[in-house]
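Letters A, B, C and D mark the chains in the order given here, with residues in each chain numbered from 1 onward.
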Amino acid sequence: MEDLLYQFMNNFAFLILSAIGLAVIFGMMKIINLAHGEFIMLGAYIATLATKAGIPLLLSILLSVVGVGIFGLIVDRLIISRLYGRTLDSVVVTWGVSLVMQQGILILFGPSLETLSTPLGSISIGGSDYSLYRILLFVTAIVLLILLYLLFTKTTFGLHSRAAMQNAEIARSMGVNTNRIYSFTFSIGAALAGLTGALYAPTMAVSPTFGGGFLMPSFVTVIVGGANPLIGPSLSGGVLGVVSTGLDATWGTFFGRLGLLVVAILVIRIMPLGFSGLVEKLSVRKSRG
Amino acid sequence: MNNRKKRKSLSLLLVFVLVLAGILSGCGKSSGSNDDSKTIKLGVLEDRSGDFSLVGIQKYHAAQLAVEEINKQGGLLGKKVQMVAPDTQSDNKRYQEMAKRLILQDKVAAIMGAFSSASREAIRPIMDQNKMLYFYNNQYEGGVADNMTFNTGAIPEHQMVPLIQYMIKKFGPRVYTIAADYNFGQISAQWVKKTVEANGGKLVNEEFIPLGVSQFSSTISRIKKAKPDVLVTLLVGQDQSSFYEQWSKSGDKSIPMASTVNMAQAYEHKRFAAPALANMYVTATFMEELDQKYPSAKKFVDKFYKKFPNDKYVGMEAESEYTGIMLWAKAVKKAKSTDTDKVIKALESGISYDGPAGPVTIDPKTHHAIRNVYLVHTDAKQKVHIDTEWKDVKPDWLSKEKNVDLTKKQEAKQYTPLK
Amino acid sequence: MSKEAVLLELRHVGKYFGGLRAVDDINIKVESGDLHCLLGPNGAGKSTIFKMIMGIYKPTNGSVFFNQRNVTHLKSWDRVKLGISIKMQTPGVFGELTVYENMKIAVQHFTRHAEVKSEVSRLLELLMIRDLKDELVDNLSHGQQQWLEIGMALACKPKLLLLDEPAAGMGPEETDRTAELIRQLNQQGITILFIDHDMAFVKKLARNTTVLHLGRKFAEGTVEEIETNQQVVDIYLGKS
Amino acid sequence: MLVKLNTENIVAVLIFLFFFVYPVLVDAYSVMNLAYFLSMVFLSLSLSLIWGYCGIFSFGQAVFFGISGYFYAVFTLNSGITTLTPLGLILGVLIGGVIAWILGYFMFYGGVNDVFVGLITLCLTLVLETFMGQTAGDQWMIGQVNLGGFNGINSIPSLQIGSFILTGNSFYYFVLLILLAVFIFLKWFEFSKLGIAVVAIRENRERTKLLGYNVPFIQSLVFAMGGALASLSGIFYVLWGNYITPSAFGLASATIPVVLVAAGGRKNVTAALLFTVLYYWFSQTLSASGSEYALIILGLVLIVAILFVPNGLIASLFHAGDQLFFREHSKSLLRKKGAKTL
């Protein structure tokens, strides 16, 4: 039982953390960022290189967040800002960005980095060892969701960005600088991807293709979650976490993976707006009824 | 107005240039190839970008080193060897395009290369169709019986059989296998099973992990429940290698790991922080660390780093690539020609090259290599210790169990122990 | 009133969005040949009713009958084939195509290939926009776009034509022409149900009227009856 | 049908003329290489049809490409009779079309549209990649053919008509002729009755329903046609390399047609054709050069193309040519001048 719980925590954290940056960018800006994996990879590189250079891990992670955030801002100013509202063109451009980033990192740092060791060691429960750091990742994922919730509900930026998300034109007419909001959003999404990369860097092999492993789970989580970057991932992370843990434990890793994709396909067919669409529908009913 | 016109004519110019470029690319290169040139062209297909570049670049560098040495010693048949090496980008489609290009346009004498089995299977039929001599200088799951193909890397007879025998004897009979869920993993796992059964062991479980999976909590929990004496890991790719770090934190490090894929190829023991790779036993045909004990290895390692000081490791695939090219050169000299049939005959004469890892001899019946195998293990600090050495291990499964004899019978297929 | 004469009938039709009752328990009968108006302030549920007649929305409860046939579960395109056709409130024309191309899209589906061209010409003539044939629709005035859309609806050879605010955004002269057009179509035998809240326009055209308020039927009758209904004047006409 | 004199059509005629004489000018390798590029053109055209004409954005063309490739492999290897290979081709294309129809039915009748079609097809592509990747075991046999997991299937027979095996130039001309036929069909289709309905659906789906068109049906039909075209591409790819692997379903395979069609000009089949050939040639040349900057250059070219020529590189050139030579100012999406040609 502890085992299953631990696995669920692992899966949940991985789904949430891999999706969160993508969810913010897709939900707020309707931009499908195919370079999401490479942003995560960049975060992992910054954290690993900084730690190797003697900077404490915590500080290195912070450095990743800031670094990838700034990188995201630059990418947005140079490229994405010209494509607001052009969802499909953004697919092509971000694919181009991912090619450049992956090969650029390969040229700069070679095909692989020396990895870090997972900090914090493990705890023993019922004669079985569990990595403390991974439990901490689960906690981080939840804290991150709460922080984002606060950011988007309690701050002016949050208010404006939600307005821009629902109706950009009206938001503009009310004096909201939507372009600045989008820039900020993209940069926050990038920073979150950086954080994910940095957090997972000490637990995985770091290479230019590091981001590839995050792409599928992140897309599935966002698809199942729907547009709302807060409600969506938390619900879909929960449901998908249970599904993949269950399938994984009963039939093995292959079915765990296939299960995620099949759930995603069914969800799009049955409720294209995902869990956030469902929640919005329910909340409307509740408030009116 | 004027400005607009300018822009228009500019775009027209662009169209013109594009069309011209297309035409030129078609005609320009075909006139370049010439059979009587002063060079012998050697095709090398290795991945210098993408998923497999970690090993691909090592192999590419080893090929450069080998060709440079051959040319320093006067080349072949009085001609210089010229290496033609496109980047295959870890992309199977690209392998096919480039293999055809090397054969039909560059008219190379032989082709070296490919890392993954999928890449090899993509180009092997092209080699057969075009009667092109092909060296697959890589460790793999074994079983390719093909007149045009030679393999200088390690196969299960070299690595798996001695490794499993050793582990069962030393640690106990209960074996747990986790393997990448594709051909290499499936077939290698079959070899594990076969060897375990033949040596009185018991296979507790075998688990296949899809490529690209990087999170292992459920697998780790299953292994811990099964409590095996030996854990065989046949994981492939950067994603799957994340297993070791996760195992070291929540697994049972007292269980020894055995592997044929780790350390010697992608130097995980140097890239991963200890103790992720601690307590691992590996059989290999070459490793950089052999230089502690063997002068030939030291010579090769020194040469390699002299030419590529920024490289991080010289592994067994680099050695195979280097040895493969040297064997080919030796065969060309012996045949006094680059004619494919003559070179194959020379190779099938039991030709041998005394390379960095000891003598490597081509087994005529199977086109695989008879070579030395080394067993090493890591301590808690991931330092490598050389435990044993088996001399002149024969690649004889094909010839013994499948009656393959390429000197007598034409073949172009891959046998597997699956059926 | 004989039963055969009823072309369209809504029976206890309701549409709820979550907890919001946009349309609630509506009964409407439109006789064949009628020129009927749905009247009511914004949010009364008029457009929602149109969308349910067309099959864009599914009623939460109740049924829609057309020509004595229950069409509640038919798709929009099948209803068009039965003879219901609509001009929506916001113009649904194809802005980046020409007027001719717009008409062709509508006409070709219901007219034999050889007659497409003459049918388009006939309709453009009827709509007084023949000269604009090769113009991009985006370059047309709002009124011209409305006419074009009426023309596209006519191309489907309807028995029942739904017009959602046919004269919205038009100047007085254009409005008159539109009214004349509608009357002409009605005389040709097309039953027309339209939405408007310009009482003058309604008076000019409609024979029967149904007044809606907050999603419910409030009153019905001839234009004269409605005009003299004090309650209607209070809640609606008084305000406009 | 009246063929209008404009830049696009002139270029199209020139391209096809060039393709027809190409084998005379170059060596066997270059011919086979162009045959490969042309095979991939069908994939771009399939997306051009469903996305450019009908507004259905799909990441799933690789699905049909891969499925039909596998079908052809399993069918021909099992039958063992090489004269049945044309039947394999035809059945493969049909099956690709039917599967696309079923998928289209599943989506369009369920109201899935726009970017969600892209996402659902992306997931499906990844499902197939994951599934085919693990079929290495001996339980994955269809008849006598092992699906072969990640390594795929090789030694797939070439096309044979009667006793004539299509390889080299004959294969090239076979692909070229079918390409020409498909190309002419697409040009005709654009202005056919159905084609015009399809453009209407692209421009305004809801409105088109209200004109009496059964929109999900037409969408499914076009999607099926796209699936058949992608299947043709997949089988030609198999015939070219005698080989198929799950990487045909990979993320990169799913993305490339989108990239090509978007960057070349999605509403224009000639642009899709030309850009596909140029792209494959360019990326192959970069790869052959062995330069480590190949992928960087490729990425930058795509970014610059989308940023500065949003309507597509080639399509914009056509437009510029029209303005310069033909003083063509009609901006209608159907591009023909009203009554004369419609």
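As a working rule, a contact is a pair of C-beta atoms (placed from the backbone, for glycine too) under 8 Å apart; a residue touches a chain by one contact, two chains touch by 3 or more.
Keep in mind the model is a prediction, meaning the values are calculated, not measured.
Trainee: In this assembly, which chains make contact with chain B and also with chain D?
Mentor: Neighbours common to chain B and chain D are A.
Trainee: Of the chains shown, whose Cα centre falls closest to the middle of all protein Cα atoms?
Mentor: Measuring from the global C-alpha mean, the nearest chain centre belongs to D.
Trainee: Distance between chain B and chain C based on Cα centroids, please, to the nearest Å.
Mentor: Taking the average C-alpha coordinate of chain B and of chain C, the gap between them is 73 Å.
Trainee: Using mean CA coordinates as chain centres, what's the gap between chain C and chain D in Å?
Mentor: Whole-Å distance between the two chain centres: 43.
Trainee: Measuring centre to centre with CA averages, how many angstrom lie between chain A and chain C?
Mentor: Distance between chain centres, rounded to whole Å: 48 Å.
Trainee: Where the CA atoms of chain A average out and where those of chain B average out, how many Å apart are those spots?
Mentor: Roughly 36 Å separates the two chain centres.
Trainee: Could you say which residues in chain B touch two or more other chains, in rising order?
Mentor: Within chain B, residues 49, 181, 208, 210 contact more than one other chain.
Trainee: Which residue numbers or ranges of chain C touch two or more of the other chains?
Mentor: none
Trainee: Hey, what residues on chain A touch two or more of the other chains?
Mentor: Touching at least two other chains: 103, 106, 216, 254, 257.
Trainee: In their shared complex, at which residues does chain A touch chain B?
Mentor: For this pair, the touching residues of chain A are 3, 6-7, 10-11, 14, 103, 106, 110-118, 121-122, 128-131, 133-134, 202-205, 207-210, 212-213, 216, 245, 248-249, 252-254, 256-257.
Trainee: Going by the contact rule at the top, pick out the chain B residues touching chain D in the complex.
Mentor: 7-9, 11-12, 14-15, 18-19, 22-23, 25-27, 29-30, 48-49, 85-89, 91-94, 96-98, 100-101, 103-105, 116-118, 121-122, 124-126, 129, 181-183, 185-187, 208, 210-211, 412, 416, 418-419
Trainee: Provide the residue numbers of chain A that touch chain D in the complex, in ascending order.
Mentor: That would be residues 30, 32, 34, 79, 82-83, 86-89, 91-93, 95-100, 102-104, 106-107, 215-216, 219-220, 223, 254, 257-258, 261-262, 264-265, 268-270, 272 of chain A.
Trainee: Enumerate the contact residues on chain D facing chain C in the complex.
Mentor: 193, 196-197, 199-200, 203-204, 206-215, 330-334, 337-339, 342
Trainee: Provide the residue numbers of chain D that touch chain A in the complex, in ascending order.
Mentor: 57, 106-107, 110-112, 115-116, 118-120, 122-124, 126-127, 130-131, 134, 251, 255, 258-259, 262-263, 292-296, 298-303, 306-307, 310
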